[in-house]
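Each of the next two complexes has subunit A plus one other chain: subunit B in the first, subunit C in the second.
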Partner chain A sequence: MQGRGLKLMGKYVLKRFLYLLPTLLGILTIIFFVMRLIPGDPVLIMLGPEATPEAIAKLRHELGYDRPIIMQYLIYLANVLHFNYGTSIATGRPVWNEILAVFPFTFTLALAAVFFGVLLGIPLGIIAATRRGTWVDVVTSLAALFGISMPNFWLGLLLILIFSLRLEWFPAIGAGEPYVITDLVKHLILPAVTLGLPMVAIVARIMRSSMLETLGENYIRTARGKGLPERVVIYTHALRNALLPTVTVVGLNMGWMLGGSVIVEKLFARPGVGSLLVDSIIGRDYPVVQGGVIFFAFLFMVNNLLVDILYAWLDPRIRLE
Partner chain B sequence: MGYKFSFRQLPITGWIALVLIIIILGMALFAPFISRYNPLEINMHKRLSPPSFEHWFGTDPYGRDIFSRIAFGARVSIVVAFLAVSIAFLGGIILGITAGYFGGKVDLIVMRFMDLLLSFPLLLLALLLVAVLGTGIFNLVLAISIAFLPNFARLIRATTMSLAQSPFVLAEKALGASSLRIMFKHILPNAVGPSLVLAALSLGNAVLLESSLSFLSLGVPVPTPSWGNILSEGQKYLRVAPWIATIPGLFIMLTVLGFNMLGEALRELSDPRLRQWRV
Partner chain C sequence: MLKRLAILVLTSFFLGILAFGCGGAKKEGETSAPPSQKGAAKDTLVVRLAGSLQSLDPHKTSMTYDATVISTIFGSLYRFKPGTNIPEPDLATSYEMSPDAKVYTFYLRKGVKWQKGYGEFTAEDVKFSFERNMNPANKTVWLSMTRNIEKIETPDPYTVKFYLKEPDSTFIYQVSNFRIGFIVSRKAVEELGDKYAMNPIGTGPFQVEKVEPKQEVVLTVNPDYYGEKPKFKKLVFKVIPDISTAEVALEKGDIDVLMSLTDPTAYERYKKDPNLQIAESMSTGVWVLYLDNSDPILKNLKVRQAIAHAINRKALLDKIWGGMGVLAVGPLPPTLPGYTEEVPKFEYDVEKAKKLMAEAGYPNGFEITAFIATGANMPEMMTMIQADLAKIGIKVNIEQTDFGSWLPRLTQYKMGLLPISSRPDGNMLLSQYFTSGSAFNVCKYSGIDELLKKVRAETDPQKQAQLYQQIQKKMVEDLPAVYLFHEKRVDVVRKNIKGYTAGLFWEVWTPPIIIE
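Coming up: the complex of A and B.
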């Protein structure tokens, strides 16, 4: 892109980013008030039932719970911007550090799952589209339907049962030996497949329908009329345009993936933000819950922004909006 | 914009879906009659026994009959899903019609709030709600319904907005009908159609959501059986007693599959362009 194209793109990105901010603010506000709705006094929870009234008052003052709610809200916002999410009740460490420590695991898992989903999903979708109406198409579509109906924790357990317990090909627990790539990858395979299989289904379906739509367009007819080999027609012309909705759908489903990662991490006993979140909910470690939810919401929004940008890059018409 | 279906037009997937759903609903409804044992009855010397004539699906780590637990689990899962989706549907109707009909500020506020809720991934929103509300079936239903509400609200708002401009509504207005009357007597019946597709799909997702939460021990509290619960208990015994974890999952999948297929079939019926497989 040069000159005017780049400038338009920049404007679009900026617009999208600015649009994000009120939403982010809204989410932070909701989280703030929702957390305040939790029954029980957070200070008492933190100190336990034997705390003395002086200790309670002291901690309350330290944490700012004795200030008016508006002040608390503003302090909260300021803290969030400075990445200060408080300290974990369970471990005493800063919440931000806890999250950051486990984030790489979640990230690699999500990435691997998307990679798997796209790698398998796109070809399947193309095959189903080009062989429309045949048994290949029917079977693929049916398989896709199964894929999105399956509970991912069940799929994970089945995979563990078959590949871990019976065949002993892959390990079932944990993330693997730190810094040992082969071990890390081995531990990543089953969780990534578990998380990514529904993605395969979704991608295959959207790919199929957008391919079918694209193949009906006039320029495809022109390309065929020009005498281009079918292969070129499909891969160079149809695919490029069919990819657009697929990209959007993949991007939009990342959120679904983030949710799914929670379960998959718990299932495979992998460390990660999802595991952390669930454990802290069960353990009533509210600072971590708050931090985790904010973090996820933030990730989700960044993801949407990236998808928007990617889409605008792929389809120049969007930049003019 | 009326959606009139005749059942004769239902594609084969629709029929399969109906059969699946009826079987599962039947299981849930007649659970006490088809179960041979009390699902809560502990029997330690029969624990972890594989499927047999005595216990069709085997027993769990506490010796409870799994078939009975699954039958009663069907009740829990179906009731939670139906309740949650109904509440979401009703709430969505109220919010959606109000926002769509009045437009302007009302629309802006309501929809921004809905968008905010939608910006959370479903499971995460449900997790947050459960963290706040606490566990228990009532809170579970509430959490799930809040999670699904925005989608209904959006859809109904969209249909309301397009209906609000149609001639018959304008005629009613000219005749002096009150807003409330127009909204609920005239717009509502026509706006409901497309939401049925969403309702079917949401039922499937609600079952999935409930079982996911139960799997994480944040849903239906033990010892009440729920498919997610049973599966979660079975996880520890996967090596020695794989049936405990695998069977409930199969039921979850079939239920969700049934609702998804139904939703798709309904969608096909209402949109002639999408007809894929017809027999």
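Coming up: the complex of A and C.
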């Protein structure tokens, strides 16, 4: 993209960011009020059943939870505009720190799952498309169905039983020694496969159908008519176009995974955004839930923006508006 | 061609896995494997925690996971002999109680050092610890347990005097290693402030080396510990929330101790496993079905008695808990003084229950909503109780919610399940849920207020036991709640760990554990 194209994209990005702000505000408002509508008192949960009414009242006052709810909301809004997301009721640490402490684990897991999904899914999709109607196609489709249908809890447990207990190839628990790359990767494999297998299925299916569609196009017939080897036809001509829907799907899935997967995290005893959010909801840790949801919403929207830009870059026919 | 490419991709992927796998397998024999990965190294004990840590400050957390770790780092004036609720000297070597049970004098152990060079343990630390809990500004969770303390004096660095407002002969339990009794270092708390929660300084056998609240805590032996030192070097607590993953880890040897097993099928399996051993202790708590005694229908004693006769408690214990417990005849468990079986019995008898319901004026039963939390087998238990009560015409609607919402709403419901966890003595067990002063008086019962006051004022253990017997009898006669059973605490431990005792509460380490 040259000069004018770049400027157009710049305007587009700016516009998208401007749309982001009211959306985030809306999400923040909904989460704020919903959390306070559900029963359960964070102060009581924190102080425990032995707490006296005086202690509870005192802490509630200190944390500002006895003020009228609109006031609490406005104060929170004001803080957020100053990038102050408050402190966790449970740990007393800044919400931002809590999120950043676990986010790298979620990010690497999401990346690994996507990598696995794409690495296996694209070739499988291509094979199914080019061998359409043969047993290869049928087996691949069945495998895809299986992959999407398996509950990830069950799959994860199965992988642990086989690869961790019986074969002892991979560890079952934890994220690994910090800063030791080989250890971190070892601990990543089983969770990544658990999260990524449904992705393999989805990617394979989409690759297959978009590949079939592309292979039916006229320019493919032209390429074959020109006498190009089949390999070139598939890789140089068909693949590039068939990849487009896959890019979108993978990109969007990546966005979802950035919110963490509490089931996989709990199963493999990995820290992550999913567990942080769920545990905070259960403990009624309002600031962490609010901050966490905003963070995730922001990432999700930025992720979608990147996917749109990538798509526009890959397909010159698309104009960003 | 494409097929070849696909085969190449798939093969390299699986070869990659194989390479990692073989690399991993080779490491097993190496001693350089970090202890947090291969726990069965001879000098490390690895214990599973079921949830992440909130705080290691004994006064700022009531979570059981925290309590387990805290019990290895901190000491108390007295502590419970392992597996029992009998206090023995710890940071204090002896004590005196005034005849009216209002003044306690503790003589402290000399030469005890705080971990990591925070000086010597003195009476100042004891005064500081308790006053910390007494001051609402400190936001400690045990404020209510200090309500009876008038003042604390330290006549010399090794003597502490507690002056109580009302006589309390059970005070010794409140200065033991359960909840409020842990002593913190004044110097460290003043210096570290909020950071103390993740960098605790105690006088116990272990000190903190590394804390990752959501993953693990690594502790090493305190070189200055005055008692019998551990015979191994490191203690690691690993956070593994999912029970199936924890069971796999135990079978693999990645963890050595799995506490509080509640799954009966796993229990059967582990009993037969040659690599594992079971350590049990009888709890000093009780499971009850609480009933709101102020409700127009439930205030009728015959109705409550009918409910007690209608529930098949043995089936409850056997089917859902795999028999891991003992049926209750009253609120007090067999392990506490005052336990007596000379009380009215409520055997499973549906006909008798129906008769009682008719006598009470409810031959066709009534409808009621029961409240439970999801977890600890409560839904399964309540479903069985629901079926039992249906036979005598009581239609039970079950409302359940997560633990967070459950606790504050207990008193809003007329019926529900309540697991009262182990307490050191009958007073602590009963005063929280069965006395009129408490915020958690779920049964709205006041029948033992006077008796408990007498218990606290009674200094003769024999007479006290008799008072407890009276309480047991009265609570069964009045039947404010249906007493279901006393849970057994079951810990599963690797065979090569010798000398492990399942503690009564959440303690996990006491001598003489040896790892072979």
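Keep this in mind: the second predicted complex is superposed on the first by the 274 of 321 C-alpha atoms of A that agree within 3 Å, B and C clash if a C-alpha of one lies under 4 Å from a C-alpha of the other, contacts with A are read in each partner's own complex, and residues count from 1 in each chain.
Please note the rule applied: contacts are C-beta pairs under 8 Å (C-beta built on N, C-alpha and C of every residue); 3 or more make two chains touch, one makes a residue touch a chain.
Remember, predicted model here, so these are calculated numbers, not experimental data.
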Subunit B versus subunit C as contact partner of A:Leu267, first or second or both or neither: both
First, second, both or neither for A:Ile234, with subunit B first and subunit C second: second
Partner chain(s) touched by A:Pro287 [first = subunit B, second = subunit C, both, neither]: neither
Which of subunit B and subunit C A:Pro198 touches, first, second, both or neither: neither
First, second, both or neither for A:Gly125, with subunit B first and subunit C second: neither
First (subunit B), second (subunit C), both or neither touched by A:Gly117: neither
First (subunit B), second (subunit C), both or neither touched by A:Gly251: neither
Partner chain in contact with A:Gly147 - subunit B first, subunit C second, else both or neither: neither
Partner touching more residues of subunit A, whether subunit B or subunit C: C
First, second, both or neither for A:Lys58, with subunit B first and subunit C second: second
Overlap of the subunit B and subunit C footprints on subunit A, listed as residue numbers: 38-39, 157, 160-161, 165, 266-267, 282
List of subunit A residues in touch with subunit B within their complex: 23, 26-27, 30-31, 34-35, 37-39, 138, 141, 145-146, 148-155, 157-158, 160-161, 165, 255-260, 262-263, 266-267, 277-278, 281-282, 286, 289, 293, 296-297, 300-301, 304
List of subunit B residues in touch with subunit A within their complex: 112-113, 115-116, 119-124, 127-132, 134, 204, 208, 211-212, 215-218, 228, 231, 234-235, 238-239, 242, 245-246, 248-250, 252-253, 256-257, 260-261, 264, 276-277
Subunit A - residues contacting subunit C, complex: 38-41, 44-55, 58-59, 62, 90-92, 101-102, 119-120, 123-124, 126-127, 130-131, 157, 160-161, 163-165, 167-177, 182-183, 185-186, 189, 230-231, 234, 266-269, 271, 275, 279, 282-284
Touching residues (chain side subunit C, partner subunit A) in the complex: 1-3, 5-6, 9-10, 13, 17, 20-25, 28, 34, 36-37, 52, 54-55, 62, 136-137, 139, 141-145, 147, 179, 194, 197, 213-216, 238-242, 244-245, 248-249, 251-252, 254, 401-405, 407-409, 432, 439-440
